[in-house]
Amino acid sequence: MLDHPDRLLPADPNVRAVARRLLAEVEQLPIVSPHGHTDPRWYAENAPFPDPARLFVVPDHYVFRMLYSQGVPLEALGVPRRDGGATEQDGRAIWRLFAAHYHLFRGTPTRLWLDHAFATLFGLEERLGPDNADRHYDTIAEHLARDAFRPRALFERFNIEVIATTESPLDDLKWHAMIRDSGWSGRVITAYRPDPVVDPEFEGFRDNLAKLGEITGEDTLTYQGYLAAHRRRRAFFKSFGATSSDHGHPTAATFDLDPVEAEALFRRVTGNASVSAADAELFRGQMLTEMAAMSLDDGLVLQIHPGALRNHNGAVFARHGRDMGADVPTATEYVRALAPLLERFGNEKDLTVILFTLDETAYARELAPLAGHYPALRLGPAWWFHDSPEGMRRFREMTTETAGFYNTVGFNDDTRAFPSIPARHDVARRIDCGFLASLVCEHRLDEDEAVEVARALAYGLAKKAYRL
Amino acid sequence: MLDHPDRLLPADPNVRAVARRLLAEVEQLPIVSPHGHTDPRWYAENAPFPDPARLFVVPDHYVFRMLYSQGVPLEALGVPRRDGGATEQDGRAIWRLFAAHYHLFRGTPTRLWLDHAFATLFGLEERLGPDNADRHYDTIAEHLARDAFRPRALFERFNIEVIATTESPLDDLKWHAMIRDSGWSGRVITAYRPDPVVDPEFEGFRDNLAKLGEITGEDTLTYQGYLAAHRRRRAFFKSFGATSSDHGHPTAATFDLDPVEAEALFRRVTGNASVSAADAELFRGQMLTEMAAMSLDDGLVLQIHPGALRNHNGAVFARHGRDMGADVPTATEYVRALAPLLERFGNEKDLTVILFTLDETAYARELAPLAGHYPALRLGPAWWFHDSPEGMRRFREMTTETAGFYNTVGFNDDTRAFPSIPARHDVARRIDCGFLASLVCEHRLDEDEAVEVARALAYGLAKKAYRL
Amino acid sequence: MLDHPDRLLPADPNVRAVARRLLAEVEQLPIVSPHGHTDPRWYAENAPFPDPARLFVVPDHYVFRMLYSQGVPLEALGVPRRDGGATEQDGRAIWRLFAAHYHLFRGTPTRLWLDHAFATLFGLEERLGPDNADRHYDTIAEHLARDAFRPRALFERFNIEVIATTESPLDDLKWHAMIRDSGWSGRVITAYRPDPVVDPEFEGFRDNLAKLGEITGEDTLTYQGYLAAHRRRRAFFKSFGATSSDHGHPTAATFDLDPVEAEALFRRVTGNASVSAADAELFRGQMLTEMAAMSLDDGLVLQIHPGALRNHNGAVFARHGRDMGADVPTATEYVRALAPLLERFGNEKDLTVILFTLDETAYARELAPLAGHYPALRLGPAWWFHDSPEGMRRFREMTTETAGFYNTVGFNDDTRAFPSIPARHDVARRIDCGFLASLVCEHRLDEDEAVEVARALAYGLAKKAYRL
């Protein structure tokens, strides 16, 4: 049974009984998805999803990185090559290869998400494997052709109250405009992700600045013009529902330079000479503080996602490009890194900065103590590699005692894998209910309180923290 | 029920049954509190505690940091301002604000400690909240006015066999003298905490040295005179029962300079020029080794509490001063840091150095391997942010397999919150009994052994390690 | 009962029932021991083991480090002194001292291993302690005198299918030759551990190079000759069954210098001047990449064991030498450190690099993400201080969700304590079955899959990863 009603609930019968009662209080709540990477074009065009392989395998780096680690070439999985070289085009062939390696996902969250989608969307009851690969493929393909499986229908079936996508300031938000103009009632909002024009080491940074200048009519070769351009684009994004900005930096470094230093830095990173690593780091960190200043004006919530070393595998990057499963976490320091931003804005009650980490050692040591003190700080949920049952348990065990529940912000699915969204929220709800049930059974929390907390974690805190 | 007899015991019925039996063996043992920060004046004057807010809220940074993190101004909680600015003076108003935010403590140890005190001291059965804030306030206030709730009566009710406070070498120990002269039988001892005259970055360091010279009659502007002054004050502290010194440094660094280098360093940190960060670190580290040398002579146990970055929030420090909930842990290295001290004294059986950490990653990686080898080393209990059910479980899970139980030193309550002392020891006993019960149920330990270990962890090891 | 059938299985009755069924599927499987440090002379000469103390206490640093940490001199435990000074020679006296301190091992894996050996090999039913020390000693001594307790008989009784020892390239493998020539059917293979001729900081490095030149007939004072000498010795080791090399470095650093730089570096580390720490690090890291290149040619699996700071206690090193329980783990970075090797060889399907760590923080943050992507990488099991029930649980909890089970390599006993080998494999099998049973009971894995995984973890993965 791919979708057992007790899955992920604690094994102890007494704890499980409490967890079931808590889950019953939250499992029908709408999905609030304040941070993710689904493609707004899906909701705009509402075209059918292509075949099963192109829905579940080809675009999902969680899936293909595992197969690649065991020797399956990315080409055989249909992952496009930058040079246009041949890759497998037959969805069924990709699917068979995937099914033959499905055992690799034992014990992983990917397996949970996939099984949940197979069971709840397509009525599949059998575990995927080489023997039933074709049967599963046909069943899924047949469903995907139906109107009830188009993006908007799924959005409604998933009970999504609001979902945020993520766009660059250079994006024209045309798909968001098309959604708005369509009259469809689904709430799809954007989020402001300015890395391409904030990170001097981003591919095409200077061209991106020029383009930002064209779009905004600001002189983005001066620091004031550059900042003004951000303000304009943030306002534009807000007009498409944005309530947050998001920043994916290699570290959590922030800086708060005086205006003269900041201008000089801006000239260095936008000048003709190559940018030093130190200046790039300084500029990214300075911009986090500038963004916090803008947030105080326009109300956007500031999300910081630090600590991923991108494109670790040069050969894979050369052949296939970014986001190919070769990003790897690194140790991430927060206490000194965030000091400049916090020194300036940490005591602001009207600012919300949401911190994420790929380095779990920071939970109890740095993040919970910071978030349990500064009014401006909140902790984002377990992220990326840690968006998993054990990862979520560790998050609660290591943050709750110092930061409490109310300095956290509920769940982010953070995904481009649309059919996994209900599964991911379901996992989070189950793990949180299990954790709360343990507190109840150890008499650390009363059950009526646990119900309130469970509802907050599943729904209320995300709405509040993200101002939705 | 605020004080359930099974609280914090493992949920599994079989494990819980064993844990209950172990707990029954230790829950009546006297409290040995070898490290803490209660005010000796309380025991000396034996005056009634003021109102409930001034007992439970105003002085407890665990409490007010959480409220502050959610936007409650410290002034509204009665926390004094350095500039004498207005703060809330009405205890009942503070209490109501506290009660209105009591849900923030769900899942935190503060909640456990408070509920335990409310139930066991004041007979309160209902969870605190906005609706019953006044009723709780009145009940507590009414009790605090009784003789049975004065400090000495509570000390006896708490079954405290011995408690250590912490004083600076510049303290005249007058409250300790008053306690001694009073003829009261309660055993309140001091501990030697020389940070103000050891840390060149401490506020007023050079004035402090001058004052130390006056007190001791030693020439504290020479290194030999300075060391002699320490020896004198340690002897004085011993005459008030001290069995330990305590050192709160930003890192665990130790050094063992040759005498010429050490003298030159002393001249630099006490001279007129400003002290470099490197020299400050060097001097603190050198002094740990000097203190270890003195410990071999006078028998004081050496406690090292490293890794807190103090006063992270400049605005809060400017407005309210030290210890306002804005200290934050940092990553802390021990293996190389302690090498100089250990190279000189690590093999001494007559020396006891007790190590603490705010960085749990050091437990299994560094601290347990060091303490499982060096005769001079012992591990202090889970500390500060980790003085919590999950923190204590992680401590046992990550240290026991390499260091065993007998290289640890039992529990420290480390608190200035007097009414929380029984609750804190109760939490430690329950978590340790639960951990031991798990070992019994997994057939890793026999139950008769678990009883012995439980008694050692609750009582015997603290007496032995701290030479009490 | 020293050897309870349910030991280490989860306490919850439902989970335990599943764990028992899984364990029944694997507990009779042969032992594959692909990485360890038993003495090949034992199997070659097949002489009786000496007395109980010399089997269980004197050579086992896990045992004597714990006693030493509590003040027992190593001399009193019979640990030889480098200066030939007096040490206890009476096995019975050593044994009594050991028995008097047996309580120190409560909660440690050493206790589990010893109890298991006492029970299964010698039929001892009572816990060791001061009162029965002599009885245990006599019983064990009496057994050791029997033919059935000689090394080869124990090897067979332990159901060891294959065991690897570890030798230096300077070793003549004469004991391996003697085993081979004896006609005995036991499969004892060697492994190539070239630290003495790879690490410029190893005692006698330059003499070792000269000796390597003599043995191989290559000019080991040129880089090409030096590399050729490695190739020859690797081939020689392969002729004695070696399927792996093993590298114990202070860090995980790898480098991939161009040939001119590499030659210049080789001249520096082999020249007359003293070698800088930076050059030593560079050379060790360069050699890992060179070894990977050789592995692609000869098929040896490359094991990297980084992160131990050796000989932390100078006095113990001076008196007793290496491997005296004074090696301590340090924080270990992998992502940047391994990049040069991975950039060159990480995508090679025919290469297997097995990574170990003493720094558990790397499991979820660095090692699982790397191993879940690179085809050449696999994760070795929980190592050394973490070769323990809690250590193994953390390993599974922190690696499985990102790397899965199939990027791990089963269990290594890594021991020179021969009688502990079955106990160590037994612990691993029980912990893994317990972990799998939890997944089954939380409906994250079907039981038939758990059986397959349990068999892979206990047997199949080690054979496959180590090419045995």
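Going in written order, the chains are labelled A, B and C, and every chain counts its residues from 1.
The working rule: a residue touches a chain if its C-beta (ideal position, glycine included) is under 8 Å from a C-beta of that chain, and two chains touch if they have at least 3 such contacts.
All figures in this text were calculated on a predicted structure; none of them were measured in a lab.
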{"item": "Topology of the chain contact graph, where touching chains are joined (line, ring, star, complete, other)", "value": "complete"}
{"item": "Copies chain A and chain B touch via same or different residues, half shared test", "value": "different"}
{"item": "Averaged-CA centre spacing for the pair chain B and chain A, given as whole angstrom", "value": "40"}
{"item": "Multi-chain contact sites of chain B, meaning residues that touch two or more partners", "value": "10, 12, 361"}
{"item": "Residues of chain C that touch chain B when the two form their complex", "value": "1, 4, 6-13, 65-66, 68-71, 103-109, 111-112, 127, 309, 312-316, 325-331, 358-361, 385-386, 388-391"}
{"item": "Sites on chain A touched by chain B in the complex", "value": "10, 12, 14-15, 333, 335-336, 339, 342-343, 346-347, 349, 361, 364-366, 368-375, 377, 397-398, 400-407, 438-439, 441-446, 449, 452-453"}
